[in-house]
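In what comes next, subunit A is part of two complexes: it sits with subunit B in the first one and with subunit C in the second one.
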Partner chain A sequence: MSDEKIREEAKKALRERGLKCVIGWSADGTPLFAETEDDIDRLSFNKDCANNLVGYLTQEVRSQRGKTRDGKEKVVKPVGIVVRGCDSKALLLLLNENILSRKDVFIIGVPCTGVEDKRAGALYRKCVKCAMRNPVVYDVLASEKVPEDEKDYSEIEAIENMSVEERWEFWEEIFADCVRCHACKRSCPVCYCDECLLDPTDVAIRPDTTADEKAHRPRWVERSVNVRENLLYHLARLPHLAGRCVDCGECERVCPQRLPLRLLTAKLEKDVKEIFCYEPAKEEGQKPLIAMSKMEDENEFIM
Partner chain B sequence: MSKYILKKEKVVDALNALGNANAVYIPVKNKRGLVEYKELGRDAAAADAKFDCRPDVPPKAILFPQTQVLFTFKKVDGKIEVVPTEPDDREKIIFGVRPCDAIAIAVMDKVFIGGKFVDTYYKARRERTAVISIACDGPADSTCFCPSTGGSPAATEGSDVLLYDVGDSYYVEVVSDKGRKILESLSASLETPSPEQEKRKDEIVRKAEAAEGFTRSITAESISKLDSSFDSKYWDDVSRRCLSCGACTYYCPTCHCFDINDEPGRKRVRTWDSCQFSNFTMHTSSHNPRTAKAQRLRNRYYHKFKYSKDNTGRYLCVGCGRCIALCPAGLDITKVISEVK
Partner chain C sequence: MSGSQAAKGAEAGAVPSEQGEQGFEPKIVAFLCNWCSYAGADLAGVSRLQYPPNIRIIRVMCSGRISPMLVLRALKDGADGVLVSGCHPGDCHYLKGNLYTRRQLQLLRNMLEYYGIEADRFQMSWVSASEGGKFADVVKTAVEKVRKLGPNTRFKVMESQDGGE
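Moving on, here comes the complex of A and B:
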C-alpha cells in the first residue's frame, strides 16, 4: 500500500528538511495539514481523495513570505504535499511561473487510477480516461507508475460540430444555472491573483486605499447573477487560463451546481495545443505561453 | 385539527389543480441530476415532481431571489424619477418542502418581517406564499441533523400543511388557516384516513420525536464552548482548508445576507452576499474588520449558533446538512462545532 510509503517519506522529510507541514488527504478524503508525526499517521490516499491540494500549497508558502522588522526576507520553511498526476501538472505550472520555488516544496507523488465522485458513486468524468495519472514533478513516488490513456477530446469535438445557435443555446442553459459562488475560481490552483477583475466580492482594498482609487476602479462583472454576467465571468476567465490551465478538473469537481466546466477548460487546452503547439506544464523550466512567440504562430489578426 | 388522505395517484391532478390559480413550485431533478424547485407549468411538469429526497437546493430563492431589481431610475427634465419594480403578486405554493426548509422560512420571516423594520420586497412575496411540506421518515440524507438544532423530521413550524408519506398515500395534516383554504380547493381529491394510516403516521411522528436514524449531531455542550473559544487558535487550523467560496452560504436555507448596488441600466439591485467573501465586511473607510478567512469562517459558526441564539432565542441553522454535502473542502459543520476548543 502507498499509505505506508507516504507516511514514511513525509515523516522523514518533516525531520530532515524541517517542513512546516505536509498537505495531504485523510482516509475520508478531506484535506489534512499534517504538522506532527501523529498527524502524518492519518495521511492516506484512496478513491475518496478527490481534492486538488495545490492551492493550499501556495497558501502555506505565501503566508510565510514577507520582510522582518529589520527589512530582511523572512525564512520560508518548505511545505510538503502529496500530489496525483493532475495535481503535479498544476504544481509544475506554478514552479514554471515562479509562484513557487522548488526549494520551498517537498513533493510526494502518488500515481492515480482515478478518484470517485461520492454523489454519483462513480469515477469523476475526468478520471475515466486520463492522460496524466503519473506525477510529472516529485521528490519521491509512493507507488509504481500506472498506465495512462490518450487524451480524449470527443466531447469537445461534439460541441465544436454544433451550429452557432445550438452552441449558444447549450451554453446559455449552463450559464443560467451558475450561482457565482466562486468555488471554481477559488479552488483553481493556477488562479492565484490577490484580486480578480471578474470577482466583485473580493476586491483588494487595503486600509490605505484612497477613496479616489476605489471610485475609479472599473467593475467588469456586476453582482447581479444572470446569464449575461455569468457568461462574462466564465468566458473572461478562460483567456487568463490559456496555456496555464492543465485541465485538472477541480473547478468542475467543486461546482455545487454540477456545471460541466471542464468542457471549457478542455477546449482551451485543445485550442492552445492546436494553434500554438503548446502544452502547459510539459517540463520543468518551460516558458509561459504568454511569454513566447514563434514565426509559425497564427497571426491573421496582425496582418 | 383536520386530517385527510391524498392518494399518491391523485397528486399530479392535485398539483395541476393548484397550478390553475397559483404559481406552484415543486422539487424536480434538473439535467445535471440536481434536485431544485421549479415552477409548475413553466419549468416543470407535475409528473416530474421528486418528493423522495431532500432537494439539493433550498426553496429560499422563491421568497428571497438571488438577484432582485428593487427599482430603476431615470432622468426626466433634469430630475431623477424612481420607478418601482412591479411586485410578483401571484399567489404561490411551495409544495413538497422538507420540515427543515419550512422552519428556515419561519427563521427568515423573523429576520425580514418579524422585527421593527419590515422588508417590503420579502413581505410582498411571503404574504402570498403557502408552504406545503412533507415530513421526513427518518433522516432524508446522511448529512441531516435537524434534531440537534431544535427541528424535527416531522416539525410543523413554517408549514401551512404537512404531509406524511404513509405508503400509497399522503396523510394530510392542516397546520394553518392558509393551509385549510388551499385544501378546500382540493376537497374532491381528499379522503378520510383509515386507522391503519393513522398508525403509520403516528409511527413517523414517534421516529421523529426519538430522532431515530441520525448519524450526525451537535450537542448543546459543544455549542456552549463557543462562549470561550472566540480567540482560540482552533479557528486558524479549521479554516486552513476553507476556500472562502460562497457555497455554504448560498445553499443555506437560513443565510439571508445581501448586498445592494447600482448597476448599468440605472437599476438598484439587491443580490445575495456571503460572509465568506472578503469584501463582506469592507467599510467605506477601507477598514475591513474580517480580512482573514479564519475570522470569516468563525463568524459564520458564531452567527449560526451563538449570536442568533443570544439575540433571538434560536439557532440560525436548521440542520439540513447542505453545507456539509456541498463544501468543496469537506468542512462539516457538525464536526467543526463538536471539535471546538
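Moving on, here comes the complex of A and C:
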C-alpha cells in the first residue's frame, strides 16, 4: 500500500524535479539508490528497513558541491530520500544547521510502527516505545500517520539512582567490550565533520599537508583499544551531540558489540530538555542549543 | 619507615592548611580567562592573600575557549580536579563567551556524574579582576571539595589493569 505510494511519488519527483536519485530501502531492507524508474520499482518500506539513510543523503548532496574550472558554483541536483520519523528528525537538524538546504532534498515521509532487528528477531529497543513515529519534515507522506508513545526515560532514571561508584563500574563493564571500530560516529547522521578529533587516523590530508602537520596534530583520544581510552572516547562523543542528538538510535543499531549506546545519548537528551527546555529538531529554523546563550541560564553550579 | 613518616610530617608542616586523612594533596588544573579571573588571581597574589598551592593555572583568552575536550583530557591525564573560571555573566570581554561555555559545561558536568566521575571534580566559578579575595576563597573551596573525594583514580586504575599502553 505505502510501497505503491512511495514509488509513485518518487517517479513523479524524478521526472518533475530532476532528482539525481532517490535513496530508500529495497524490500529486504538494504539501502537502495534509485536512479531510474526501474530502480524505483524496487523501493519498499517494511519492518526490515532499519538503516537511517540520512547520512547517505548528506554525502550525495555534498559530493555534488564545489566549483567548476571557471570558478562558478556547480549545480546541485536535488536528491530524494525516504525517511521514517526518527530519520526525519535527523534530517531536520541538518537543515537547521545549514548542512543541507531544503531545495536540495525531496523528502518522502513514511510513518513507521517500528523496525525489526534481524539478528534478534524482535523490534529494536528504540522502537518499542517511540515518540517520533511520524516524520516531522516531508514533501509527501506515503501513508496515514500513526499514534505515538510517550518518551520513556525509566532506564536512564535507574542508572541515575545508582551510586557514583556503581555507575563507573557499570560503564566500565560495558565499554570493556568496545572494539573502537568507530561505527557509532561514522553512522551518526549528525556527525558530518570531514575530520573527527576523536579518530587520530581521520585526518584530511591535502597534497600540501606536511609531515610535520600530520605529526603534530593533537591526539585527544589515543588509538589504542583499552578500557581507559574506550571510556574516554564514548564520553568525549557526548559534548558534540549536546542538543543535537535526536535519539534515532543508529549508533546503537550499527554497533557490532551491541553496546547500549542510547543510554548515554538519551540521558543527554533528557538533560537538555530538563535544563534548557530544548528539544533538538523540534521545528524548522530552530537554532542549535550550543550556539545560543541566555543571561538567565542556570547559574547554581557555579561558585 | 620512621624516615618516611618524618618526611610526611615535614611535608605536612610545609602546607599550613589542614590535611586530609592520608595527607593527600590534590592537583587541580585551573583554566582562567585572561581578562577577569587571571587578573583576579594576580590581584590575590599582589594582595598577599593565602590560598592552597594545589592549582596549576593555565591562562586562556576567554572561558568560551574551554572545550569539553580540555576538561576530559585533564581528568584523563591524572588531574584530580579541573576548575574553569571566567568573567561574571554580562562582563565577558567578548560579550558572550562565558555564557556559551556555561551551557556546554553544565551538560558536561551532568554527563560526568552520570558516567561515574564525581561532579565536584569539575568546577566553575566567576571571578572578576577586582575579586582577589573571592579567587582565594574559590580555590580553597575547590581544593577542599576535591580533597574530600580523594585522588582521581578513574583512569589510572585501568591503566594497571591493561598493563599500560
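In this text, the second predicted complex is superposed on the first by the 297 of 303 C-alpha atoms of A that agree within 3 Å, B and C clash if a C-alpha of one lies under 4 Å from a C-alpha of the other, contacts with A are read in each partner's own complex, and residues count from 1 in each chain.
We take it that contacts are C-beta pairs under 8 Å (C-beta built on N, C-alpha and C of every residue); 3 or more make two chains touch, one makes a residue touch a chain.
These numbers come from a predicted model, not from an experiment.
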Q: Have a look at where A:E165 lands relative to subunit B and subunit C in the superposition and call it first, second, both or neither.
A: second
Q.
Looking at A:V272 after the superposition, I want to know if it touches subunit B, subunit C, both of them or none. Which is it: first, second, both, neither?
A. second
Q) Which of the two partners, first being subunit B and second being subunit C, lies in contact with A:V203: first, second, both, or neither? A) first
Q) Can A:R228 be said to touch subunit B (first), subunit C (second), both, or neither? A) second
Q: Overlap the subunit B and subunit C contact sets on subunit A and report the shared residues.
A: 222, 224, 226
Q: Note which residues of subunit A are touching subunit B in the complex, please.
A: 28-31, 33, 51, 55-56, 59, 119-120, 173, 177, 179-183, 186-187, 200-203, 205-209, 214, 222-226, 253-254, 256-260
Q. For subunit B, which residues count as touching subunit A in their complex?
A. 30-34, 56, 66-67, 237, 240-241, 243-247, 250-251, 259, 261, 263-264, 269, 271-274, 277-280, 282, 286-288, 325-326, 328-330
Q: Sort out for me which residues of subunit A touch subunit C in the complex.
A: 159-160, 164-172, 197, 220, 222, 224, 226-228, 231-232, 235-236, 238-239, 242-243, 264, 267-268, 271-272, 275-276, 289-295, 297-299, 301-303
Q | In the complex, subunit C residues that touch subunit A | A | 67-69, 72-73, 76, 89-90, 96, 99-100, 102-104, 106-119, 123-126, 138, 141-142, 154-155, 158-159, 161-162, 165
